[in-house]
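Here it is, the structure, as structure tokens.
Chain nomenclature is as follows: A, B, C and D, assigned in order of appearance, with residue numbering initiated at 1 for each chain independently.
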Amino acid sequence: MSGEVTYLEAIRAALADALREDDRVFLLGEDIGHFGGAFGVTKGLFEEFGEERIMDTPIAEEGFVGAAIGAAWMGERPVVELQFADFISCPFDAIVTVAAKTHWRSGQRIPLVIRAPFGGGVRGGPFHSQCPEGWFIGQPGLKVVCPGSVEDAYGLLRSAIEDDDPVIYFEHKALYRRLKGKLPDPEQRTPLGRARVVRSGSDATIVTYSAGVGLAIEAAAGLDIEVLDLRTVWPLDADAVLESIARTSKLMMLQEATRATGVAGQVLSLVSREGFELLDAPPVLVAPPDTPVPFAPELEDAYQPSAATVRQSLEHLLAY
Amino acid sequence: MSGEVTYLEAIRAALADALREDDRVFLLGEDIGHFGGAFGVTKGLFEEFGEERIMDTPIAEEGFVGAAIGAAWMGERPVVELQFADFISCPFDAIVTVAAKTHWRSGQRIPLVIRAPFGGGVRGGPFHSQCPEGWFIGQPGLKVVCPGSVEDAYGLLRSAIEDDDPVIYFEHKALYRRLKGKLPDPEQRTPLGRARVVRSGSDATIVTYSAGVGLAIEAAAGLDIEVLDLRTVWPLDADAVLESIARTSKLMMLQEATRATGVAGQVLSLVSREGFELLDAPPVLVAPPDTPVPFAPELEDAYQPSAATVRQSLEHLLAY
Amino acid sequence: MQKDEIAAAIEAPGVPSEARLGLFRLMLLQRLTEERIVALYRQGRISGSVYTGFMQEAVAAGAGLALGPDDVVAPLNRELACHFARGATVADALKNFLGKGDGPTFGRDGNMHFGAPAKGVFPLVSMLGDLCPVVVGAALAFKRRGEPRVAMTFWGDGAMSTGDVHEGMNLAGVWRVPAVFVIQSNHYAYSTPTERQMVNTTISERIEGGWSIPCGRVDGMDALAVYESVHAAVERARRGEGPQAVEALTLRGHGHAAHDDARYVAAELRARYADPIERLAVRLRLDGLTEEAIDGHRRAAADEVAAGLAEAEAAPAPDPATLEEGVYATPIGR
Amino acid sequence: MQKDEIAAAIEAPGVPSEARLGLFRLMLLQRLTEERIVALYRQGRISGSVYTGFMQEAVAAGAGLALGPDDVVAPLNRELACHFARGATVADALKNFLGKGDGPTFGRDGNMHFGAPAKGVFPLVSMLGDLCPVVVGAALAFKRRGEPRVAMTFWGDGAMSTGDVHEGMNLAGVWRVPAVFVIQSNHYAYSTPTERQMVNTTISERIEGGWSIPCGRVDGMDALAVYESVHAAVERARRGEGPQAVEALTLRGHGHAAHDDARYVAAELRARYADPIERLAVRLRLDGLTEEAIDGHRRAAADEVAAGLAEAEAAPAPDPATLEEGVYATPIGR
């Protein structure tokens, strides 16, 4: 591959490069082998790397996440694909009980990556559209990343695979083919734990991640707004958030997770405690209502934050 | 029973009264029958109500929570006991996928209660001390309650059993025998969704729940501090929080869940957005660090908020 | 394949003619409704994805019709005919696929994710395995109350690997509740062949050996055979003989979902599975039904589907103003 | 019970005398260490709760000793001797119970929740079943790399009902990895008898029938029998014959945990299970060991435990200043 790639192709490239460079890396998940995965992310990898490294699994998420932990214990670097992030409720226990707590309890490193295609806008309904990152935010021992650009899709995945802690990598289904960009260099890494100012501005900061990044940029068109892409949503890059609002004095938190889940609670908690004197206006939260993700287009469109609703809230915020 | 009862006995009384008054109520869980449960909460109920209503289960939390959902579907009112709240990671999927979303998806009511003994201070270590309520806070379709008094131990459980939605009832292990109070009247109900001012004051508000309530009162001795017991932690009684800080202008959030989990994010998010002009000082969060719960007394004592650490933070807050 | 090459469904003299015709109707309804669904999806009028039970209609119809009037069931993705057997209309189903506001899930959920729980049909959740314990709990309620009712669910060879079916089957056995499990053993879970999912692919042997639940094995392309076998299982469960299972051997006629061309299915395997509807038609002819009568049933089903489609298309879209409704039976907070 | 009433352990001529003495030592170490643990708990010097494997030492020792030097294992609550077989010292174990800062979990976790993962012993998590898939994954790593190593874990009749063991056993089978499962079939899960947990309580039959994993059944009170049977299973797994299992029949000598008096265990059931240590002692005498030699081994074990206790008691408590350390291998954020 060279030249322009999609977000999906960047993920695939990161997997392929990691597989090429490190024998310890292998992939496991449902239908990721000759079929290439439900979204085609692993297409071609089976042919290049064979079934020992691109392993189809039975439908047993708790089991194969547990097995990936065991392989990581033995020094491998497994990368699990969940068919949809929604199904992460099934291996929840293996993640929070075993993957998250083993290093703290014993010093044993568990270098494990779980890739989870999340997010809505694909008319997937309540079980194929969720943003479940909130379940893992705050969990000691886990790292959670959500790339919002082609570059970070590659760079965060490479960093996650090379990291010695369990990392959940939420990739946005709606970005798979929508985002295009330069094929990242094989050396490209996005450091874990570092947010990035993707657009500078001085009148307000939008803190967001994943598909929220593009939405924020679109909604901010023509305004002097800073957009901070968290990239790693747990542990949070608190300094980056505080530095940005120190410059702009106004904050909008934008997420696709429902209002009372996701990252919003952490960011607003942080800002309320440590940014109390930095803010000139109450922070604004733009997020879907506290309901499951509806299927019907009329409902899902009303549910999802849009450039229009973000813009409207932004104008309110600026007018405060 | 009459006169003084413990928190544990109040829970038992609520179960017994519900079992007596409503044939649809039955209990299921591990070792709750003739053995009376790991903490003795159900002691004597097997003898009074028999094995059809006090059902021992195999070790299959996902299975028996699922089965309780099915029984609730058929109009029963099952009350599940988890042996420790920590194990709620195992039936996580049944709770968030099936129990939480069925009413929204179909109009079918799922009147289900899950009792989960949580909290530390019992030297239980990382798998027998957790406060996992944060996993469920924000989940559309679930209700989450955490009694902090004998009265509410009874009243919230009765209300939860009579409620038509799935309710997770976190009972604090350290309060089982520590709290004593009047045997609640069989008519006693604590309304779901309503916080309670358990101590009025005007210089600051401590928002807390469960074991935090007693701790807050102890730490506030001699000060003019309001203590708000959330009781229901999801959905939040937002108005009660805002009303209290409108009176006191200062807020401390106190919880036993780790800093980045639990209820803190919701409360501080709310207050930052809707209480921006009410606060005279940045809100303070007193909670354990973001680590699993340690076993060794030296570590657990340092981990848990204590009357001394709460008092110290309170004095800082008042001095702001 | 020519009609006359298709073997007849088994004779099944014990199955009354009403049931035989009922099965034929249910299978036709599923087939024709799903044909409409696929067409609507291709036209972009159904969003998201669609899953069909094409070629698996005999299992859906046979098992669905085997239930008694007060029994309950949790169908999966391949069992549209089971919904019809339990009283869902074609319009109900199509409204759900079309995301209509007055459909069974009010536009909140889509495709096969619907039910009529108040009438005993639990709405499918995606997470495979989850519904097994749920029907076991429903069956437990029947047992506790001494009601002669049965609770049924389905799963595939794929879902057989989930922890939930293990926990559910074990609970059903040890509680000895009237639950019936119908396994759609169709060679694949999505693209993954059964041999890559389990060692012994004879699921009925596994269920008997691992969970001590009697499990028949039946030709899933033969509606009469499925009906007979599941009906017997349902009645055993009803009589108090504890949980029962039936493994039906079948093969998906379509891909896993609309986007999957199922190239991974070998042609020779396909050739082993003839159309179950035509197979029943051959038996109906042997039963003495005329070609005209059979065509009449086909036309009636087609008319029913057309009417259902018209009704569903005319139904209102959901009102975005209802977006925040329905999450709780008794809302609290604000 | 009088010593002379106790039957001898099986002859097991194939088990070398080194292993026979090794088993005796390991069982004594577990017994004597756990006696100390219970005493310390009663004195309030161990916090929380304590779980022992009293009377199940033959399984712990037999299985632990059956592993080769490079094999790995995830022991559960009843398998202290297995830790010793894998190189843990008495002091390691006691430091963990006492919550010492330089113990295997640094005071972060307690009682049997420890391991030495870098040396191939995974630290127990409480959630029953979780470790089954973990060892399957370790075995998968061995298979991928062509290493002749084996991964073992244990579970009880109770944990047999968890979804995790189903998923783990199934993965082990279909991936054909060198995993060995030792089932401590001890009649109870906490207070719940096996008959209330599953229909067929012969777990070996279930494992063979449900998961196609060869599963022997062995007298769990006979260390030589356990050792022989598990050793054979380990070597079959090592040779590439796929996952193996052994069901060991045994009975907890104590309650589930320190607070449980296990009144629910019928006296006649208890009477069927004689002390496995004395049983091995009888065999050792038949092997020709003198009473003095046997007593020498007992004294040696007692000395080892006493020394370990002294070391553990002298060890430092954890420093509260380390409270926030160790959560991540590579911390980020702040």
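In the analysis below, a contact is a pair of C-beta atoms (placed from the backbone, for glycine too) under 8 Å apart; a residue touches a chain by one contact, two chains touch by 3 or more.
Keep in mind it's a predicted model, so treat the numbers as computed, not measured.
Any chain touching chain B that also touches chain C appears here: A, D.
Ranked by how far their CA centres sit from the centre of chain D, the chains are topped by C.
By count of C-beta pairs in contact, A-D exceeds the other of the chain pairs A-D and B-D. Between chain A and chain D the centroid-to-centroid distance comes to 40 Å (mean Cα coordinates, whole Å).
Averaged Cα coordinates give chain A a centre that lies 31 Å from the centre of chain B. Annotation: 36 Å between the Cα-based centres of chain A and chain C. The set of chain B residues that touch two or more partner chains comprises 58, 60, 62-63, 89-90, 93, 97, 101, 104-105, 126-127, 140-141, 234-236, 290-292. Multi-chain contact residues of chain C (touching two or more other chains) are listed as 105, 108-109, 113, 125-127, 161-164, 166-167, 170, 174, 196-198, 326-327. Taken together, the touching pairs cover every possible pairing of the chains. Interface residues of chain C, counted against chain D in their complex, comprise 161-167, 170, 173-174, 196-200, 205-213.
Those residues of chain B that touch chain C in the complex are listed here as 26, 52, 57-58, 60, 62-76, 78, 93-94, 97-98, 101-109, 140-141, 143, 163-165, 192-194, 232, 234-239. For chain D in complex with chain A, the residues that touch the partner chain are 72, 104-105, 108-109, 113-118, 122-123, 125-127, 130-142, 144, 151, 163-164, 166-168, 170-171, 174, 326-334. Only residues 47-49, 99-101, 105, 107-111, 113, 125-129, 158-159, 161-163, 189-192, 196-198, 264, 317-320, 322-324, 326-327 of chain D touch chain B when the two sit together in their complex. The touching residues of chain B, counted against chain A in their complex, run 89-90, 92-93, 96-97, 100-101, 104-105, 126-127, 134-135, 137-141, 234-236, 258-261, 264-266, 268-269, 271-274, 276-277, 279, 281-285, 290-292.
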